[in-house]
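So that we are looking at the same thing, I have put the structure below in C-alpha cells.
To keep things simple, chains are lettered A, B and C as they appear, and every chain counts its residues starting from 1.
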Amino acid sequence: MNDRYTFVLIHGAWHDGALWAPVSEHLRIAGHTVHTPTVAGHGKEADKQVCHADGVRSIVDYIVANDLRDFVLVAHSFGGTIVSRVAEEVPERIRRLVYWNAFVLRDGESIADVSPPPYNQMMDAIAAERGDNTVMLPFHVWRDGFIADADLATAKHTYELLSSEPYRMLTDKVPLKTFATLTIPKTYLNAQSDVAMPPGQYAWFPRFAERLFPCRVVHMPGSHQVMFSDPAGLASKLWEAGRD
Amino acid sequence: MNDRYTFVLIHGAWHDGALWAPVSEHLRIAGHTVHTPTVAGHGKEADKQVCHADGVRSIVDYIVANDLRDFVLVAHSFGGTIVSRVAEEVPERIRRLVYWNAFVLRDGESIADVSPPPYNQMMDAIAAERGDNTVMLPFHVWRDGFIADADLATAKHTYELLSSEPYRMLTDKVPLKTFATLTIPKTYLNAQSDVAMPPGQYAWFPRFAERLFPCRVVHMPGSHQVMFSDPAGLASKLWEAGRD
Amino acid sequence: MNDRYTFVLIHGAWHDGALWAPVSEHLRIAGHTVHTPTVAGHGKEADKQVCHADGVRSIVDYIVANDLRDFVLVAHSFGGTIVSRVAEEVPERIRRLVYWNAFVLRDGESIADVSPPPYNQMMDAIAAERGDNTVMLPFHVWRDGFIADADLATAKHTYELLSSEPYRMLTDKVPLKTFATLTIPKTYLNAQSDVAMPPGQYAWFPRFAERLFPCRVVHMPGSHQVMFSDPAGLASKLWEAGRD
C-alpha cells in the first residue's frame, strides 16, 4: 500500500510557515512530501496591512504556482478559516482536509463571531493599544492557555518566535458559499488539553467537529502548541488524520 | 483473590459472534471463560427476516441451554439493546453488565429513536434500495466513522467480514419495563475516539453513561471497532470494566 | 531554571492529610517540599462537630504558624471549597492554586448546591441514620464511583483508611466575596475517568474548569482516587499543574 502523501500545512495566528519545521521534519523522515507556505500578513518581516481574502489568495497562489495536486491540506487554529476557502477555490486538488484544533466557520462568520466575548474584549483592547491593526498574545495567555504542556523555557523560547497578527484575520467575515457542498473527505484532529478556546460551550471539541461531521475524528494528548511540545507525536497523528 | 470470570460477549450490528475471536483469545489467555453467541439474524448465512424480540430470545436461550451463571455480560453497540432485555429475563444469572459504546435504551425506544436524523435518513434510503428489510453500512462510513484508528488494509479486510443487518433490529421499539429497577452492577466502557455516534449531543459518552448511572465508567483510546484495531487493549479494558 | 516548589496539599472529604503519603513521597523524591495538613474535623480521632469555617481556619492557621510562603496550594475534591477561602485570607502567600477534580464554588454555595439531587438524598438519608452529623460513603459507591481503576483489594484497603465526614463540610454555604477578583494563577487538573461527580451536566469537567477560567488545564488518566491507584502519575501531573 502506498502510504506516502503530500502534506500542505497551514499555520495559525501569530505563526508563519517556518514554525512547522519540527513537525515537517518528522513527516519527511517518514517519507512524506511537506509544504509549509506562509499566509500573507504573517511572519516578522511581513506587511501586516492585509485582509482575510489576501490570506486566502496567498495560499491558492502557492498551490497553483507549485501545481500541487492530490495533497492532504492541514490547518491549525486560524488556518482553518483559510483552508475552508481554499477548498472552495481548488477542490479538485485536495485529497483530504485535516482541521487540527482549527476553526470551522459557517458562511459569513469571523473568528471573533465564534470566540468567547472576553477574548474579543481582550483583543479589542490590545488592538486599540497597539494602534497598527494588529494584535499580540500576552505571554501569560500563551503560557497557560496555549502551551501548558511544555516547560517554561520552551514556552518563553517559542513565544519569541511569534509575530503580531493582522487583526482583520480574526475579525473579517469569511464568505463560504459552497464549502458545505464539497465532498472532500475531512478529519478533525483534537489535542485533548487544548484550552486556547476555553473549556465548555466554546471548546474546540466537539463544537467544530460537529460542524464538520461526517468526518474522521482523531484525538491526541497535548496543548494547542503540541507542534512545539511533542512534534513527533503530532506528525504521527497528522498521518493518522490524513491517510486514506 | 479469584479474578477469573466468565464473559458473555454480545456483538453489534453487522457483526456476528465469531468476530470477537481476537478479543476472546486475549481473554482466554488471561484465564477467563468466554462465550460469543450470535444474535438471531446475524452472520452471512442467517435468516434475516427476524425482529428484535427474536434476537433477545436467541441469547436468553443460549444462556439457559448452557446453564450459564455468574457471568459478566458485555454488549457492544446494538448489543446494548439486547442485553438490557436479557437482563430483565435472567437477572439472577448476571454478575455485572458492561456496555461498551453500546446503546442504553429506555422503555419503548428503538435505536432509531436515539440516532441522529441524518443517520436514520441514510438507513431508510439504504433499506429502500435493498428491498429485503436489511441495511448495510457504506464503506466510507465504516472507514472514517467506525474504524479510523486502523490502517486502510485492516478497514477493508474487516469490512468484508460484515453482513447485512435486519433493519428491525434498529427500528423495533424495545420494551424495558423492569430494567431501571434491576440492581445488577453496571459499567460503561467508552472508547474515546468512537464517532459511530457523532460528536456532540448524539455522542455515546456521556449520553448513555448518564442513562446507566450509577455505574462504573472506564475510558480507553480507540474507535468503535477497537476490537479489530487493538484487541489486546480492549480485552484488558473489558476485564477492568467487568471485574468486581 | 529553578523547578523545585513547595506544595501544600489539601485532602478531600473522608480523607486526612496522612493519606497523601504515596503522592507526597514521589514529590519529595523529585526535590519538592510538601505539606499535608489535615482539615479540622477530619481523621479517625478528630472532633467531628465542626463547621466549614472551622476547616478553613485550621488551614490558614497551619500556613501562618509555619510561615509558609510562595507555595503551590493543591486541593482535591472537597478541598477545593477550603482553598478558595484560604486564598481569600492569605493571597499573597500563594504562588499558584491547583484544583484537582475539586469543587469550585461561587459565593454562597455549598457542595450540596452543586451536587446531583440523588447524591444529596443519599447523604441526607445516611446522616439521618447515623444521627451524629456525619456521613460515610457506602463501599459500593467508593468502589465503582471513586476508585474503579484499582483492583478490589486496593479498593477495600483504602476504604478502611477513610473516616466519617462532618456533614456541615458538604452543606455549609461558603462565603467567597473576593475570590473572583484574585489574580493568583490557577490550574484545573482533571482525571478523565473520575465519576465521583456523574457523567454529564454534573461532571467535574468542564463544569468547574469553566468557573475557574482563565486557567491552565491538565488532563490525566484515572479515577477520583488516582492518588491511590497511580500516585507516581498524580505526582507528575501535580508538578505539571503547579509549575510556572
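Heads up, the rule we're going with is that a contact is a pair of C-beta atoms (placed from the backbone, for glycine too) under 8 Å apart; a residue touches a chain by one contact, two chains touch by 3 or more.
What you are looking at is a predicted structure, and each value in this text was computed from that prediction instead of being measured.
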Other chains in touch with both subunit B and subunit C: A
Subunit A on subunit C, rotation in degrees - Cα superposition, rounded to nearest 5: 120
Distance between chain centroids, defined by C-alpha means - subunit A, subunit B (Å): 37
Where subunit A touches two or more other chains at once, by residue number: none
In the complex, subunit A residues that touch subunit B: 1, 3, 185, 187-188, 205-207, 209-210, 213-219, 240, 243-244
Touching residues (chain side subunit A, partner subunit C) in the complex: 140-141, 144-145, 148-149, 151-153, 192-193, 195, 198-200, 203, 221
